[in-house]
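All chains are identified by letter, namely A, B, C and D, in their written order; residue positions are counted from 1 within each chain.
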Amino acid sequence: EASQGGFDALIAADQRIEPRDAMPEKYRETLIRQIAQHAHSEIIGMQPEGNWITRAPSLRRKAILIAKVQDEAGHGLYLYSAAETLGVDRAELLDRLHDGKQKYSSIFNYPTLTWADCGAIGWLVDGAAIMNQVPLCRCSYGPYARAMIRVCKEESFHQRQGFEILWTLMRGTEAQQAMAQDAADRWWWPALAMFGPPDTGEAAKGGGHTEQSMAWGIKRFANDDLRQKFVDMMVPQADKLGIVLPDPDLRWNEERGHYDFGEIDWDEFWRVLRGDGPCNAERIEHRRSAHEEGAWVREAATAYAAKQASRRQESAA
Amino acid sequence: ERPEAAYLLGLADDAMVYAQRLSEWMTNAPQIEEDMALGNIALDLLGQARALYPYIGSIDGTGRGEDDYAMLRDERDWRNVHLVEQERGDFADEMARLLWFSAYQVELHTALTGSSDDVVVGVAGKALKEVRYHLDHASLWVVRLGDGTAESHRRMKAALERVQPHLAELFDDDDASVTAAELGVGVLPSSLHDGVVARVRRVVQEATLTLPDASPWRSRGGRAGIHSRPMGYLLAEMQHIARSHPGATW
Amino acid sequence: ERPEAAYLLGLADDAMVYAQRLSEWMTNAPQIEEDMALGNIALDLLGQARALYPYIGSIDGTGRGEDDYAMLRDERDWRNVHLVEQERGDFADEMARLLWFSAYQVELHTALTGSSDDVVVGVAGKALKEVRYHLDHASLWVVRLGDGTAESHRRMKAALERVQPHLAELFDDDDASVTAAELGVGVLPSSLHDGVVARVRRVVQEATLTLPDASPWRSRGGRAGIHSRPMGYLLAEMQHIARSHPGATW
Amino acid sequence: EASQGGFDALIAADQRIEPRDAMPEKYRETLIRQIAQHAHSEIIGMQPEGNWITRAPSLRRKAILIAKVQDEAGHGLYLYSAAETLGVDRAELLDRLHDGKQKYSSIFNYPTLTWADCGAIGWLVDGAAIMNQVPLCRCSYGPYARAMIRVCKEESFHQRQGFEILWTLMRGTEAQQAMAQDAADRWWWPALAMFGPPDTGEAAKGGGHTEQSMAWGIKRFANDDLRQKFVDMMVPQADKLGIVLPDPDLRWNEERGHYDFGEIDWDEFWRVLRGDGPCNAERIEHRRSAHEEGAWVREAATAYAAKQASRRQESAA
């Protein structure tokens, strides 16, 4: 088939596939699922930090936090637009999110218990997200790759802000230091799990899709490689902050040239992924109720636009 | 200690408290674009408050910084009108409030660009660009909702009625504003009334609605620190963490 | 510093936080008798917390008083289960929660009357009389609502489903309760499970309802200071005035 | 007419009228209106202090406050029961309250802005209420008189608690002292207005009913007399507290043997009474919405009671 040939050639040449190019149905489906999940993660990801907007302890932090949550909304919008180039629309994707048919990053099922969690999310969660996302800036699908370039630029800004929140806390009162350490204790392991299950061994079995995604240029690195890269990057940053990462097995391995680290609790990972995490129910319920409460507003906007269009038509006639 | 400080504190507190209320919409708006838009307006208002507080601190003899005003002040010392402290209602309630408040702010900051105080002129000049956008945004929605579906029309109508009792207070000439107007720093709130009403009326008419009659009661006292029930709870939420860590830096 | 302090703190915090939630009903109940009844139950629970806090302060090495625990403690240091911190729902939600919590407290305090600690025995003995009345009150309403109108039946059913995810946590044997049970001061929460379920089941059956199936998720972590979203806001409201006046006496 | 003669004789002898006694229709109506207004005041009066239950600054104060608001609910119930002996029922009276057809004491249309307001309400508002109510313990209508005896006993307890709140604040930090003084500044004049318009002069015109109520033994003292008695009682208490009452004209008049005091702002009084007070709309709206939200519960209780009754009947048959 000619079109499949064109697609294969573009992939082989590491060129970008664009919306009008022919592409295998599986490729389209995989991308829709992945981009939608990514978009949903931005939208659901507004909630854990959104929880602190009204309580941010200073006006400067409040302003930064509002801007950050706004950025996440913006990322969601870029990504839904990227998905729409593949022939689905945002309303449909949101329905799939609300029905639980599409997922979002499981990290957002953990609660933000203190102000320091806004720091830990920026530092660890955005840090891990960037590590996952930078390779996607070279993803084979053009609109996704371009959206990721924009997203990554803002994310690295967020990561620095998170680091700075923790930096300030670690140089603050005893209670503030304890708050920062506690946040790191709680977010470290879930952040490591963000890279997904191991690529090999028993725990790898729930994974899937990896090989095909690699071949298609959607995925560029193995989960474990990215995880290792993340650990290697974060350990020195933790030292700089004065935060002790909650892993007794964490140590430099001269031979490997990497940090060794302990075993992730994959049972917990799968449990949270299945829906029994601390905030799964709350996150979806919050999204769904905002969406439902806003239905009459969206309907009004649609009705008004239709009226305006017909008025224009009439006056043109 | 300069006497116009009390007047400016009213302006700053209006912006601060409304920023707090608007920020509650984030993750709760009817569509994602609106999470962003309301967040943006909240940020602008927060910026206005942050521009004013340190200046007020420099002229009211206390030397307070922005967080002293926002995080460590008791309810009785806040000078905002009741309009901005009311609990978040539905989206029509918010658009009714935003329409009135931003129309008021457009008139206010237009007038303040002629202030005798350079700092006020600077703040007003920057704010004016922002609040014109806020007014456009609110107008767009009020028209869409008023001239949208039967349900949205009904809700928008009810929202305009519910906001009504809180409007008169915006135009009260309290002592602080009289003093500030005499000094040429501020303007008399009453002088803004007709311009604001004219702006709002145009929008409401386009929305196929009419302005409601005067309500049987009206709010009073915000500029004297007499607030309505929601204010204490708003402050409890806003200040709790800052109050829980006296002397901490964030 | 005695190791059972952590266990007792869980009991005290459960009572304290639920007293706070129940007190929100005052002026909001469906009838005046119920404003009084729920106020009464809130008072009883508040009394239980106040009986425990000073004792805990005397054995945990800190010497804290009741207001140190209630007014000056950060969210991460609270040890109550998620059940009691959830926002006030409708009246059926409250009766579902009260039914489960008071059935739990009846079993708990019955067991604690055999504690090796005299203070605990004293608190439990007094509490037992109170919580039996709470259980009766909740039972009466669950039956009335379940066997009342079609609407009340539907609401009561939904409420039993909504409360379900928050029940398992009551019966988790965390480290503190295991230690306290070993010392003979406390009881293993898991040992209370069957008695509580039996009590609730009888009432639910009389209400022409059935206990819902296990929920797909369950709350966890309250006893370790991992709370759900409503907790921070509850504390902000409860502590704001006390936090705003460091060192003051009331 | 024999029954009217019996009523007149009882009144003349300062005896109690009981529910089964004949009474003039006007007497019945006046009593219903007054008792209902009194009951409504207890119920609406729960709100200003109820507003502070969740925020009371100490557990001891929280417990006292809950108990106090509970007492107010209880007073409302006694009083509705007393009204019911006159042939109306509570549900109907509540409807009249919610529709604005019956009033409650205008004092509760003022807001409670700080914790100290709980003190000022106890000290000043309950103080004025007692002054108004003690004579009602000798009211000609038996059930009302008996309800008032119970109410007054608890009210005087509440007044002491209010005094004690202020006493503690006035011996506390500077901010606490300011809070107490501010509360007294705001509640003093509305408390004086609680005794109603003057009995003579221009401001008296809105009054009404007084003479007939006096003749019937429902009202025992003129408004101005009670107000003077209240001022005379409160001034020494204010001195003891260290609170300055907000009236520059307040001074001892040796000749009269009473304190002189300034002019009440009757324009404000009538404005608030007409519905344009700081909290009129909020108080009624709060009551109404609690009542409406609870409708399904009351209906369920009624339906259940009916089912139980018919079950009992069936099993008896």
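Throughout what follows, a residue touches a chain if its C-beta (ideal position, glycine included) is under 8 Å from a C-beta of that chain, and two chains touch if they have at least 3 such contacts.
The shown structure was predicted, so the numbers you read here are calculated from the model rather than taken from an experiment.
Under the touch definition stated at the top, chain C and chain D share these contacting partners: B.
Farthest from chain C in terms of Cα centroid separation is B. By number of C-beta pairs in contact, A-B leads over the other of A-C and A-B.
In terms of their C-alpha centroids, the spacing between chain B and chain D amounts to 37 Å. Per-chain CA centroids place chain A at a distance of 59 Å from chain D.
In chain D, the positions touching at least two other chains are 55, 175. Multi-chain contact residues of chain B, defined as those touching 2 or more other chains: 74, 232, 236-237, 240. Taken chain by chain, the contacts fit none of the simple shapes, being neither an open path, a ring, a star, nor a full set of pairwise contacts.
Each chain pair that touches appears in this list: A-B, A-C, B-C, B-D, C-D. Across the interface of their complex, chain D is touched by residues 74-76, 165, 216-221, 225-229, 232, 236 of chain B.
Residue ranges of chain D in contact with chain C, taken from their complex: 43, 46-47, 50, 53-63, 66-67, 69-70, 73-74, 76-77, 80, 115, 165, 168-169, 172-173, 175-176, 286-287, 290-291, 293-301, 303-304, 307. Across the complex, chain D meets chain B through its residues 51, 55, 111, 113-114, 175, 179, 182, 186, 275-282.
Residues of chain C that touch chain D in their complex: 20, 23-24, 26-36, 39-40, 42-43, 46-47, 49-50, 53, 66-67, 70-71, 90-91, 143-145, 147-149, 151-152, 155, 237-238, 240-242, 245, 247-250. Listing the residues of chain C that touch chain B in their complex gives 74, 232-233, 235-237, 239-240, 243-244, 246.
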